[in-house]
Every structure is written in C-alpha cells, then in structure tokens.
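Down below are the structures I want you to see.
Presented sequentially are two complexes of chain A, the first with chain B as partner and the second with chain C.
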Partner chain A sequence: MTELEINNLVKRFGEVEAVKGVNLKVKAGSLVALLGPSGCGKTTTLRMIAGLEQPSKGDILFNGSSVLAIPPEKRNIGMVFQRYVLFPHMSVEKNVSFGLRMQGMDKAEINRRVAEVMKIVQLEGFEKRFPSQLSGGQQQRVAIARTVVTNPQLMLMDEPLSNLDAKLREEMRSFITDLQKRLGITTLFVTHDQIEAIELADQIGVMFKGELVQFGTPEDIFNRPINPKVADFMGATNLISGHLKSKTRLETEVGSLDLAQQPSQVEGSKVIATIRPEHIDLNTETKGPNQFKALIKEAVYYGGIVSYKVQSGLLSLNVKDRSTRRFKVGEEVMLELAKEHLWVFPEN
Partner chain B sequence: MTATRRPYKRWHWLVYLLLVIASVFFLIPAYLVIITSLKEPASINLSTTWQLPERWYWQSFAEAWTAFAPKLRNSFTLTFFATIISALMGSMNGYVLSKWRFRGANIVFPIMLFGMFIPYQSILIPLFQFMRSIGLYGSIAGLILTHVVYGLPITTLIFRNYYAEIPDEMLDAGKIDGAGFFGLYSRVLFPLSLPGFVVVIIWQFTQIWNEFLFAVTLTRTDSQPITVALAQLAGGEAVKWNLPMAGAILAALPTLLVYILLGRFFIRGLLAGSVKG
Partner chain C sequence: MQPISKPSLMQRLYIPLMLAPVVIILATLFLGSILVALLQSFGYAPLYGINEFPTLKHYQSLFALPGFWRSVAYTFYYAVVPTVIGTALSIYLALLLRKRFKGIKAFNYIYKLPLMIPYLVGVALTIVLFTNGGIIARFLFAIGLIESTRDFPRILYSHSGLGIMIVYLWKQIPFSTLIIYSVLMGLGKESEEAALTLGASRWQTFWHVTLPQIMPGIVSATIIVFAFNFGSFEVPFILGGGFPNTLPVEAWRAFDDADYSRRLRAMAIVMFISFISSAVLITYLALYRRFERQRGRV
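Presenting the complex of A and B:
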C-alpha cells in the first residue's frame, strides 16, 4: 500500500496561481476527499499527482520518494474522470483491458484479470457490449474497472459521480467505499459536494482559492469548521456577528447567547458565530436560554423538511425543520439556537 | 394550422416549377455530352447538335477507353496516393494541433490555413522551377507531392476541428494507461476519426481528380492525367467530338461513384459535432 505526500505544491498558469503551496499526507490504504468549490485548484492538484500537469514548485512523494520525474504511465496510478471517457469504439472488455494490453501482458493473464475485475464491478455478461449500450452508472463502473485492473498503487477520482442522477449517485457512493476498502487502494477523491465527501472519505481536505484551509476527519470538518468560510461551505449558512461577553457568553444584536465551546478569543473581542439551519429549533413559547423572537418571512416545503427564512431585527436566518409542525409566513415564532452547535470565529 | 399552411400550398407549384427549370438548365451540358458521345463521328454537326442520335454508336466508349486507359491509370495513381497521404498527414497535423498544443501552435495553425487562400496561378512558376531542381518535374510523383502539400491546409483544418470534439480526458485516460504519442493516435484517435476520413477523402479525391492547372504544368505526355489528355484532344482542329465526350463521361465516373457511395457519410461527417450541440 502506498502513502501519498504532497509538499508545498504550487501550480501557476501564466499569472494565475491555481494551487498555492498545498501540503497533504494521505495514509496508505485510506480514502481522502479534496473538497471545494469549482476553480479552487482541487482538480489541478489531482492532475499534478497523476503527472498530467507539471508542478511549478513543490514535490509529490509516493512512499517517501519523489515521482516528479516519472511520466504518468510509469507512476502506476489509476484515474477515474468526471466524464467517463470510455473509448467508444471498443467493447467493455477492450476498454477494461486497454492498460494491460499497453503493458504487453500475455493474453491468458489479461483474460483472467478482466474476468476478475468484471466480477468485482458486477458487470459480468457485459463484456461484449459497447459503451453506448450501457447506462451512466454502468459506464462509470466500467471506468472504475479500467482503473483498478492494473492494480494501481494510487487511485485518483475527479468528481466521478457528478454526471449521475441522485439515486444512482447514492448507490455508487457505497459501491466506491466498499470497493476501496476491499482492495485497500490509497484513494484521493475530488468533489464539490460536501455530503459526498462526508459519506465517502476517511479524511477531508477543504480547498479554497488554491489553498488547503482545513484537513481532518469528516466529523472535524462538519462539527468544528476552522473558519466561517468552511462552515458556510459545509452548510452552516447562518452567520451572527457579536462580541464576547465572557468565555461562555456572546452578546449579539438579537440578545445574548450561551456557548458550549469555549472560544480562543479574548473577552470583548468581535466575533462571528455560525450555526447550521437544522440546529435551530422553532417554538411558539419561551422555554429556556438562547431564545429570541423572529418573524417567518418565507416557508418552502421540500418533502420531509420545511425550509424557513426568518427575520429578527436586521438578522436573517435559515432554519430547516424536520417536524410535522407548520408555520405560516408572517407568523411570530421563538427561535432556539442549540448552544453545542454554535461555533465562534474571529471577525476576519 | 390550416391557415398557416395555405400560403405554402398555393405557391409551392411555383417553387417546383422554378426548381425543374433550374435542373433542366444545369442538365443541358450533361445531355449534350451523353448524346454526342453516342453519335457516329460523321453525323456530329451543329445543325443536329440537340437531336438524339439516329443510330446508337457505342463504339466511342471502346475507342475512348483504348485512348485514355493509360491516362486514367495515371489519374488513379495520382489521386489514390495524393489523397491517402494528404489525409493521413492532415490527421496527424490535426492531432498535434488539437491535442499536443505546443508553444506557438496558435501561430503555426493560421499560417498553415493561409495556404488555402493562395491561388494556384501565383505559385506556378516557382513550383515548376522547384520541381525541376529536385528532379521531380514531369513525373507523377512530383504532382502527388504538389497535391499533398496543397491539400494539407484543408485536411488539417477538418481533422483539427474534428479532434477538438474528442474530450482531452479520453487521451489523459489513455496516457495514464500507458499509451504514448503514436499509441494514442493509432488506438484511440484514428479509429474514432473514420467519419472525418470519409469527408477528407471525398473532398481530396474530387479536387485532385478534377484538377487541371498543376497537371498540365508539371507532367509530360506519359505522366499526364486524364484531365490534361481530354483537353488536348478537344483542342485540335478536326476533332471527332464523340471521343472526348465519351472520355469525359469515363473521367467523371470515379468521382460520381465516390459521391454516390460515400455521400451520406460526407454529410454526416461535415455535420459531426455541430448537430449534437
């Protein structure tokens, strides 16, 4: 199994710095997701690891030795692309065996390996079909088969699920995690979908504007975002500004809030608190602390969830309610902010 | 619905009438060529030009075949090699210009395309001198070289645009799997570009087969293609008109056949990518 290490990786395209000194360590056999909005440099990072782009600076190491001088075909990696890019003029069998044929492997061994991989991706019996005769999910499984058939030391996946519909995406997620665990291939997965990253990855690296801003377990990233931007990207879209009255109390324009986590900032400093929409509760009467009055401005039903937009003074918040209660637009409610889910960051 | 269709119904006979008149107009030369080729030499004169032959004289075709067979062979050799070589080279050029972008590719490509807009006449004398200096003047090989070079801009353009539609990731996937520059071309791009080849082959075949100016300038009697031989025969004083007419029909057959057999691929190939959106 291979450990991947990236040291101070930089990529410039003319004047634009697409990747700005990324450091990353992927433990052998683990699945790491690079998560970020489009244009954040995650795909460029992946392409540099594959050898399809040359870094402007920095180093890429497989098991401690640099691979910069090694061309893509000699790095023993597999890559799954966003568009499946199967060769349309070749049958499934020929697509899967392409890499092995390029290595000049003997025919019997090729047939054995292809049969084995077709079983793993559950596509036995599809060998003679052409890509155009397969569904999107099947095509992506062929793409994965083509990648793992060469026993790569590292598997790179560039948004492999974004072309699939929602239901298929869910199926493929569990398919990929199962496969990765079974084969134990160190895998780096690029996505802009935080749910996908949380569900698939052992660890997540969040990238913004060419920088890796946070690296940790899905739980870390989800529950302990390092700054408001990460929090926002992970779905904590509510930002409340205020100042710290004490280590456990925050004074805001709508009232004071109790905090469960003690912030590192000193008392009196200006801060921003974030909370996820699903961690705000709606009530009709006062029950305890961390509550304040608000007006329902918008209510949209999403099947099982009602998404509200509420207003309290100048502060506008998003709330997701899973209960069966319904509040009407214009109704006055009490908001309750769960203190254990309130996260505090310095204002800048 | 009917209200919107009525104006069309009222006028469409006029459209058909105009189309029939235009078709007849364009078919007149073909009619004259065919009937003249089937007349006895003695019965060909101005007063009976438009009349059908009194007796069908098929002998013209046998005579034309005997007279033109070596020239047709020259034309076939020329067209076959020039078309295949210019198509293959254009496809390699297109591959490099679309998928292996090198520094300066944006300058090289427009310069190559510029070749399409240089009139044949303007380079005739330097071309003649160049061919003589490299010892290819008067040979079919020299004419093949000329047509390959003159064909490269258009074949490169067609293939470059064709390959631009093939996603780069497909080649990246091949690269990671171990295919190099030629491996990617021969195993991935070449098999995918057959519709592109049909377009290029029809285009080049027709252009080269019908071309006259380079042929008349660069060949000697024994290496003349059919176009030159036909013109020379028709240029004499006392011409037996049935012969050049039968020869012209023989000369037109290959391009007609190519278009009839491959025409539907031609339209499909030209539209490749543009319809998909």
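Presenting the complex of A and C:
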C-alpha cells in the first residue's frame, strides 16, 4: 500500500495560478476526497499526481520518494475519468485487459486476472460487448475494472459519478467504497458533490481558488467548517451577521442567540454565524431561547422535505423542515436556531 | 379519429422539385458524360462518323499497345506512393500540431498555404527548385558538393516520378493533415491519457488507441488523395518522363490526335481509369468496413 504526500504543489498556466501551494498527506489504504467547486484546482492537482501535468513548483511523493521525474506510464497509478474514456474500438474484455497486454503479460495470466476483476465489478457475460452497448453505470464499472486489474499503487478518480443518474450514483458510491476497502488501494478522488465526499471518503480536503482550505474527516468538515465559505459549500447556507456579547452569546439584528461552541474571537468583535437549513426549527409558539419571529416568503415541497424561505427584518434564511406540518406563504412563525449547530467565524 | 388525408400533388412533388436542379446537373455532367464515354469506347460515335457498336476492338487495341501496362503501373505508382508517404507525414504533422510550442500559430497558418495555391504553381516551383539549372543544383554547386549543375541528379522528367510526387506531397500533405487534425481535435486527449495511466508507452498509445480512432479521417483523406492522384493529368503531363506516361496523359494524347478515330481509344482509357479507380476504392472501403465491424463500430 502506498502513502501519498504532496508538498507545496503549485501549477501555473501562463498568468493564472490554478493550484497555489497545496499540501496533502493521504494515508496508505485510505480514501480521500478533494472537494470543491468547478475551477478550484482539484482536477489539476489530480492530473499532476498522475503525471499528466508537470507542477510549476513543489513535490509529489509516493511512499516518501519523489515521482516528478517519472512519466505517467511508469507511475503505476490507475485513473478513472469523469467521462469514463473507454476505448470505443475495443470490447469490454480488451478494454479491461489493456494495461496488462501493454505490459506484455502472459495470456493465461491476463485471462485469469480479467475474469477475476469482471466478477468483482459484476460484469461477467459482458466481455464481448463494446462500450457503446453498455449503460453509463456499466461503462463506469468497466473503467474501474480496467484500472484495478493492473494492481495500481494509487487510484485517482476524477468526478467518477458525475455522469450518472441519481439512482446509479447511489449504487456506484457503495460499490466504490466496498471495492476500495476490499482491495485496499490508496484512493484520491475529486468531486464537487459534498454528499458524495461525505459518504465515500475517510478524509476530505476542501479546495477553493487553488488552495486547500480545510482537511479533515467528513464529520469535521460537515460540523466544524473552518470558514463561512466551507460552511456554505457544505450546505450551511444561512449567514447571520452580529457581534459577540460574550463567549456564549451573539447579538444579531433579530435578537440574541446562545452559542454552544465557544468562539476564539474576543468579546465585542464582529462575526458571522452559520447554520444549516435543517438545523432551524419552525414553531407557532415560543418555546425557549434562540427564537425569533419570521414570515414565510416561499414554500416548496420536495417529497418528504419542505423548503421554506423565511424573512425576519432584513435577514433572509433557508429552512428545511422534515415534519408533516405545513406553513403557508405569508404566515407568521417562530424560528428556533439549534445552538449546538451555530458556528461563528470572524466577519472578514 | 380524423382520417389521414392524402398528400396533395404539390406536397408529393415538393422534394423531387427541390432536388431537381442538383439531379439535372449531376445527371447531365456526370452520368451523361460517363454514358457518352462508355458508348464511344464500344464504338458508337456518330459525331465522328463512326458506328461500330458494339465492339471491343478499342479495348483490345488498347491492351495490346506497347507501353500500356507500363502506363497502368506508372499511374498506380504515382498515385499510391505519395498517398502512403503523404498520409504518414500528415499523421505525424497532425500530432505535432496538437503540441504547444513557440510559433505554433504561424506554423498552423503556413502549413495550409499550399491548399490555396494552384497545382501549376507547385509545378513551377518544383521546376525552379529541382531542375539541373534550378536553385538547389546551383546551391550545391556553389558550396562545392557537385562539380557542375549537370551533375545534379535527374529528379524531374523521369519515370522515377519524383517530381510528380513532390508536387503531390506539397499539395496533399496540408489537405490530409487538416482532415486528420480535425478528427484528432474531436477525439481529445483523454483516451491517450487513459492509456498512459494504464502503463502504455507513447508508441503503444499511438498504435493501439490513437491510430484506430483516427482511422475514419485517414480513410477519408486517402480516398480523396488517391482518387485525385490516379486521375491527375497536368502534373504528370508536365513533369513526367515521356512515353509511356500515366493513363490520363495517354488518354489526352489519344483524344488530341489528328485522327478522330483515336478518340474512341481515349474513351476506352477513360473507362478503364474509372473502372480501376472505382474497384480500388470500393475494395479499400470494404476492407475498412470490415476493420470497423471487428471493432464494433458498424
């Protein structure tokens, strides 16, 4: 099993700095997600690890040895591309055996390994088909089979599920985690989907504008985002401005809010608090602290969840309600913000 | 349910009428001329006061002509060799054009220039460069590599066909490159990158992944280039090695003869060229389709 280490990795395309000094350590046998919006440099980072792009600065190490001078074909990595990139002129069998054939492996050994991996990806009987005769999910499984059959020391996946429909994506998520645990290949995958990252990864690296801004377990990233941007990207889309009255109390335009986590900022400093839409409760009567009045401005039903847009003074918040209650547009409600899910960041 | 009404006469005639201008031009110019040539080659030429229809004598006399089969061989040779060499160089050039290097923009423009210049200009350039008194001979003489410009090897006006092939390559490499480059651009680099990450060397990647996928472009380019070379007249006429020359040149000589009855032999040559050229291209396409079927494309 291979440990991956990235030291101060920089990539410039002319004047544009796509990756700005990324440092990352992926433990041997673990599955790490690089999460971020489009254009944040995550795919460029992945391509540099694969050897498909040459870094402008920094180093990439496999088990402590730099691989910068090693061309992609000699790095013993496997890469799964967003658009599968199966060879359209080859059958499934030929696609899967491609890497082994290029190594000049013995035919009997190739057949044995291909049969084994076809069983793992549950595509037995599809050997003679061509990629155009397969569904998206099957094509993706062939792409994965083609990669794992060569026993790569590192598997890189570039948005592997983004071209699949919602149901298939869910199936493939558990397929990938099962496969990765079973084979124990160190895996780094890139995604812009926070749910995918949380469900798949042992650890997540969040990237913005070429920088790795937070690295940690899915729980860390989800519950303890390092700044409002990460919080927003992870779905905590409500931002509330205010100033700290004390270490456990925040004064905002809609009233005082109790905090469970003690912020590092000093009392009196201007801050921004974030909270996820599902951590705000809607009531018709006052029950306790952290409550204030608001008006329902919009209500959209999403099958099991009602998404509300509520307004309190100038503050607009999103609320996701899983209960069976229904509030009408124009109705006055009480909002309750769960204090243990309120996160405070410096205003700038 | 409403019954489906029958289309009116105008509705039924709409598509045939829209196609009529093209069909009339094609039928008159292409099929008409082929039909006239075919009839004349079988002895029907009342225009010249000849009506021996049906006779094979013009074909028989053609095949018995001294130098005819050498003419066939030259026609093939001048058509196939530059097609093969040109295609290989075009593939290389197309791959090169995908790389980032200084001056790529200028290079991208310059390589297409021959496409806009007539063949005859290429012929003139070849004469200026490659004759015994040409620029290259003078340069080699000036630097002392040859004792006299007469020592410069005979490249033009010989049956080696080097001059003819130089002109063909000059004109056709940009054409084939353009086609293959377009296919390469459509293909993108991802499948090559996938092959590399699977451990394939650069050569293996080209041979097993790139080449099979750009085959449609290569086949289109080679068909057009071969068909042109096989039927080309002016280049072998000017730069060829005299009698026997290529079939189109021999057809013209027979057609241009003071004896009008020779025109029927010219038509027999024209029909022979059309038949051989079509047979070669149909076989080539059939082989290509088989290749594609084996790869699940068709």
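The rule is short, and it goes like this: the second predicted complex is superposed on the first by the 348 of 348 C-alpha atoms of A that agree within 3 Å, B and C clash if a C-alpha of one lies under 4 Å from a C-alpha of the other, contacts with A are read in each partner's own complex, and residues count from 1 in each chain.
Criterion: a contact is a pair of C-beta atoms (placed from the backbone, for glycine too) under 8 Å apart; a residue touches a chain by one contact, two chains touch by 3 or more.
Quick caveat, the model's predicted, so the values are computed rather than measured.
S.K.: Give one word, clash or fit, describing how chain B and chain C relate on chain A after superposing.
M.R.: clash
S.K.: Return the chain, chain B or chain C, that is in touch with more residues of chain A.
M.R.: Touched residues of chain A are more numerous for C.
S.K.: Would you check which partner chain A:91 touches, where first means chain B only, second means chain C only, and both and neither mean what they say?
M.R.: second
S.K.: Touch check for A:130: first (chain B), second (chain C), both, or neither?
M.R.: second
S.K.: In the superposed arrangement, which partner chain does A:83 touch: chain B (first), chain C (second), both, or neither?
M.R.: Touch status of A:83: both partners.
S.K.: So chain A touches chain B in one structure and chain C in the other; where do those two contact lists coincide?
M.R.: In chain A, residues 50-52, 72-73, 75, 77-79, 81, 83, 85, 87-89, 98-99, 102-103, 146, 150 are touched by chain B and also by chain C.
S.K.: Per the contact definition, I'd like the list of chain C residues that touch chain A in the complex.
M.R.: Contacts found on chain C: 190-191, 193-202, 204-205, 208-209, 212-213, 295-297.
S.K.: Given the complex with chain C, which residues does chain A contribute to the contact?
M.R.: 50-52, 71-79, 81, 83, 85, 87-91, 98-99, 102-103, 130, 132-133, 146-147, 150, 156
S.K.: Which positions of chain A touch chain B when the two form their complex?
M.R.: Chain A reaches chain B through residues 50-52, 72-73, 75, 77-79, 81-83, 85, 87-89, 98-99, 102-103, 146, 150.
S.K.: Given the complex with chain A, which residues does chain B contribute to the contact?
M.R.: Within the complex, chain B contacts chain A at residues 167, 169-170, 172-180, 183, 187-188, 191-192.
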